[in-house]
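Quick one: this structure, given as structure tokens, is what I'll be asking you about.
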Amino acid sequence: MKLLEYQAKEVLSSLGIPIPPGVVARTPAEAVAGFEKLGPVAVKAQVPVGGRGKAGGIKLAKTADEARKAAEQIIGMDIKGFKVPLVYCEAALEIEREIYVGFTVDRDARANILLLSAKGGIDIEQVAEESPESIARLYPNPWRGPMDFELTQLVYDAGLGELARPLSAIIENLYRAIPELDALTAEINPLVVTKKGEVIAGDAKLEVDENAAWRHKDLEERYGGVVEGDPYEVEAKKRGLTYVSLDGEIGIIGNGAGLCMSTLDLVQRAGGRAANFCDIGGGAKAEVVENALAVILMNPRVKGVLMNVFGGITRGDEVAKGLVHARDNLKMKLPLVVRLSGTREEEGRKILKQNGIEPGANAWEAAQKIVELATMETPTPAAARPDLPAEEVTLEHPS
Amino acid sequence: MKLLEYQAKEVLSSLGIPIPPGVVARTPAEAVAGFEKLGPVAVKAQVPVGGRGKAGGIKLAKTADEARKAAEQIIGMDIKGFKVPLVYCEAALEIEREIYVGFTVDRDARANILLLSAKGGIDIEQVAEESPESIARLYPNPWRGPMDFELTQLVYDAGLGELARPLSAIIENLYRAIPELDALTAEINPLVVTKKGEVIAGDAKLEVDENAAWRHKDLEERYGGVVEGDPYEVEAKKRGLTYVSLDGEIGIIGNGAGLCMSTLDLVQRAGGRAANFCDIGGGAKAEVVENALAVILMNPRVKGVLMNVFGGITRGDEVAKGLVHARDNLKMKLPLVVRLSGTREEEGRKILKQNGIEPGANAWEAAQKIVELATMETPTPAAARPDLPAEEVTLEHPS
Amino acid sequence: MVQGITGREGSFHTEQMQALGTNVVAGTSPGKGGTTHLGVPVFNTVADAVMATGANASGIFVPPPFAPDAIMEAAAAGISLIVCITEGIPIQDMIRVKDFLRGYPSARLLGANCPGLITPGVAKIGIIPQRITMSGPVGLVSRSGTLTYEVGSALSASGLGQSTIVGIGGDPVLGLTFRDVIELFERDRATTHLVVIGEIGGSDEEHAAELLGRGSRLKTVAFISGRTAPEGKRMGHAGAIISGNRGTAKSKEEAFRQAGVAVAETTDEIVGLLR
Amino acid sequence: MVQGITGREGSFHTEQMQALGTNVVAGTSPGKGGTTHLGVPVFNTVADAVMATGANASGIFVPPPFAPDAIMEAAAAGISLIVCITEGIPIQDMIRVKDFLRGYPSARLLGANCPGLITPGVAKIGIIPQRITMSGPVGLVSRSGTLTYEVGSALSASGLGQSTIVGIGGDPVLGLTFRDVIELFERDRATTHLVVIGEIGGSDEEHAAELLGRGSRLKTVAFISGRTAPEGKRMGHAGAIISGNRGTAKSKEEAFRQAGVAVAETTDEIVGLLR
């Protein structure tokens, strides 16, 4: 689960990291109220993706009028596919210098890595490429956490010895997000040293492990209801699906991430573009298939659906029956090609054919067939698609 | 710091361990009030030492009158040198079985050891001697704490598998006293399984590390003011001395625990008995010497004082000057023999002689001399002794 | 042995494992010690099971909140091959488990979130269906479950039997890596060919390619899924700082080609390249 | 090197160590890296000091809240002899430190709460005063600070010089044990005689006696202080359960006698028994 900036800052503040005062605004009027409370503010788009600054999603407001205008411009703006639902108005900082500090999981090392650099700010990736030695690194032992002497070494290695005390404290608190929140990534960039010498989080990014949600129900309750940009991903999440929106026109369902990804590859090879990635996992129960199909069909760009299932334990005839049922329930009119393999594949194919669904002999043929059919397809009338939920999607703000 | 039972239970309860309801009573009337609130109660002497049950310090009260009588008998009673200042009236438990659980530092293993036995109760030491295999043991890794599977194994090893869940939870919470409170020993004996099947602490012992007091100021504030039995030890603690009361008549001051202990040994060898152990440590500043001498002289049993100092870094002449000053300030009349060795010992001895203090040539001679002098000594009038503080020593009860 | 033998998954797959002839000597289920399940004695703890039966390998079929402890319990009890099927274990738990296992260097962990391993006609630990397999000289190692089945089926259908099929699992923090498994195949006389099925993310495929590039007696084909998967919608820079350009399908395929390993662009191509 | 070299204790004893000829090559004091103190270069961290100077032994003179971290820092930086003088370190901290040191088997810790060690006329780390010592063939190992000085003085006064004097410290959880130090003396050609000064509590003396009982080339005298100390006012049974009858002066003296080691009843007897 990726938290928005203001949520990440709430969490970091609860861990003892200094943050500037700020106010969430869903309307320009609320942004003006924020200005009146805080004085000069940065008005910042709240989206769970980087690069909003370069996209015009952050504006400085020195007057109430500027705050209103900034909020007007930013709320509703599209940043990398996310429609901005609200802004965060934060007291502007007098910046003396910008530091980078963060941690993430280093897959190769099978460990967490702490990163610290005196060259913080928006160009940190460039710094990493051009002068990797300017980023100090530490792999804390996962049972012990970072030791004091390791933090001291990290801070001196980054050339930030004169800030050893505040930095060690901030890094120690930031690290608490690992044992206490199952954080996978947490980042403060920039960590601002103000002209007054305070060290304070200018921005914050935080991602927690959804596999550990059962350990952090409070976090899930507080922030899990908050809805991200893409409406199909939001709907898929509600239905418990592993779903990622893409920008093509072929809907994809597969069982297993690897098989699903290789299906995407085949569609592209056949000249088409996938509209999504949707892994229904092992077992492939009828209900899950129906949910997956429903979400895919909500997207008006979709012109055909390819389902690729290899039945290891799953029986092909049962998958076929479930699929036919789902198609009928959803009154699906779009072309549907199914590649069904493994246990009882013959019986499954027979059921599909009897119900007018095209079985592919193998995955590559199935991919070619759906691309062909989708290309011929004329747009379906909107009435034939399941609707998105009627209520408007709104962000909840924990007050 | 050794906590009294009711204090230890307060702490364990805050760690999530079930305890019976109870009330502290400093008077028989308060014990009656406790009975009226709780019904049948155990009236228990609060002393920081084991064996109170066998000494008559625990009585069951089924009526208000029995509660009053029990409190009358127990308050003020002497248990192993501790005058009982108050009792704890605790709701009586219907005992189905008694378990032993505890941890302590195993010096030889340089580690903490968790102990669990199905044969809890007052005879646990006998159980340990006669059937050590009936006590299951676990050395938890000090960084990770006990792992779930280790606790499961411990519980099954102790033959308590049917209580695996509540026991694992209680042991896990008990263990928290190590990382969170710097506990050195914590023990629940008996851990009672009631006839209703609850698992609840029947007694509790807790000792925390005084070297870690700086990390637990709250604990020190809450329980540190509570005064233990021996008035000289209490006074010594207030003055920051390392002092243990013994039952002989020769006061002992030494620098370093080893030297101090070997001084005790020499006094015994010479036919005397030490009145105390008092280690003034390295450096031996005049103020510390004066404090040590003051506490020793408060004890009317003391008939002479032996001071044994080896000056490594400390200069003998300075020790001698400090001692003369202290003796004069305290108007000390009792025999005083000093063995002074190491740096500037000659100068030091000269100062002592000039001031009428007997220097011993070596520790053995000094021990013989003080025993000889003390045996000849007639009792000193009380006026020549420093007084104990005038205010009555009272136990503070955190309410 | 099987940890969680009395559960639904544990029961079902124990039977499958037994059907293939796997010698399942013990199971655990705390509180059920002393009973028998599927003809197998059940113990309260792995240490008890090892003491009584000498079990040296374990398949773990317990839910995510208990699986990390189950892995560590197996290692501490002296189990030398630990296969964890459980999907959905929190990553930080696995990082702690990996560090714990450093204290038990003779314990090998496969997974978590993996289908396990099978030597066709001989034995299996895990959930790979026997019927997609056939005995023969091809070693197969894969990060993906269903792709493994698909490729296994294709090999069997073409008469290319398998020595052993190993699914290392799809989680970011794993036990055995491609490299570890390939080293074992190199030492396995029954294996002459090798198929490596990787996917985007991490650098395990690159490290495997590097090993194979140093010289190998195995005729090898690699396949990477996710060539057209878009870069994840990343937030933050920490990931980019540490991974740089590694982890893409392109970098992985290139690494294998530079190591002299044939790269299949679709799974259909694997059989042809392997012959 | 000296950790905490710029502090009052660190400064004073560094000068003493230098006066004896000890080659102090570095010191640490975070924030003072790059400066010089007592002619010694100061670094921010031990790793920096080791990198720049190759220091391989360290004396630690920092207050209790920082000493455990200082010990672990030294071990992690590759220091092979760590001498911690600091008194008053919480026991649980030392238990964690001891576990940490398992990861650095080549690092030896002496202390904490110990006076350190001295090879008369050659070098010292710690606070044992040079003037009580004299060069010679007697190895001296002790748990007590002032008793060490007393016995060292007595030996020197009798013309019995010392090869090395080692104070292992008085805390319940220590680094090097009597046993460890005796093994080193056995291998030290300059040592032909040995004095062991123990005290009540723990079983380190018993273990040392067991080692000496297996055969030793050293003529040894043992002394135990605390023969008449009363049993502590114990509460709880945990201690009694694990220690049984060990730990008393009687059990320790008996252990040494059974090992064929002469036991002195007073410190005055040591010199006579050693000749």
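Worth a mention:
Note that the chains take the letters A, B, C and D in the order they are written out, and that residue 1 is the start of every chain.
Note that a contact is a pair of C-beta atoms (placed from the backbone, for glycine too) under 8 Å apart; a residue touches a chain by one contact, two chains touch by 3 or more.
Everything quoted here is computed from the prediction, not taken from an experiment.
Taking each chain's centre as the mean of its C-alpha atoms, the one that lies farthest from the centre of chain D is A.
Chain A and chain D have Cα centroids lying 57 Å from one another. For the pair chain A and chain B, the distance between C-alpha centroids works out to 58 Å. Measuring from the averaged C-alpha position of chain A to that of chain C gives a distance of 28 Å. Chain A has residues 141, 143-144 in contact with two or more other chains. Under the contact definition stated at the top, the residues of chain D that touch 2 or more other chains are 100.
Chain contacts in this assembly follow no simple pattern; the graph is neither a line, a ring, a star nor complete.
This structure has the following touching chain pairs: A-B, A-C, A-D, B-C, B-D. Put simply, chain A touches chain D in their complex at residues 144, 147-150, 152-153, 156, 161-162, 164. The residues of chain C lying in touch with chain B in their complex are 30-31, 33, 44-48, 66, 69-70, 72-73, 76, 100. Those residues of chain B lying in contact with chain D across their complex are 2, 48-50, 80-81, 100, 102-108, 110-113, 115, 124-125, 128-129, 135, 141-143, 178-179, 182-185, 187, 189, 205, 207, 209, 211-212, 214-215, 246, 254-259, 261-262, 264-269, 274, 277, 282, 310, 312-313, 341-343, 362-364.
Of all the residues in chain A, the ones that touch chain B in their complex are 141, 143-144.
Listing the residues of chain C that touch chain A in their complex gives 64-65, 88-96, 98-100, 115, 127-129, 131-132, 142-150, 153, 170, 172-174, 197, 199-204, 207, 225-230, 233-244, 265-268.
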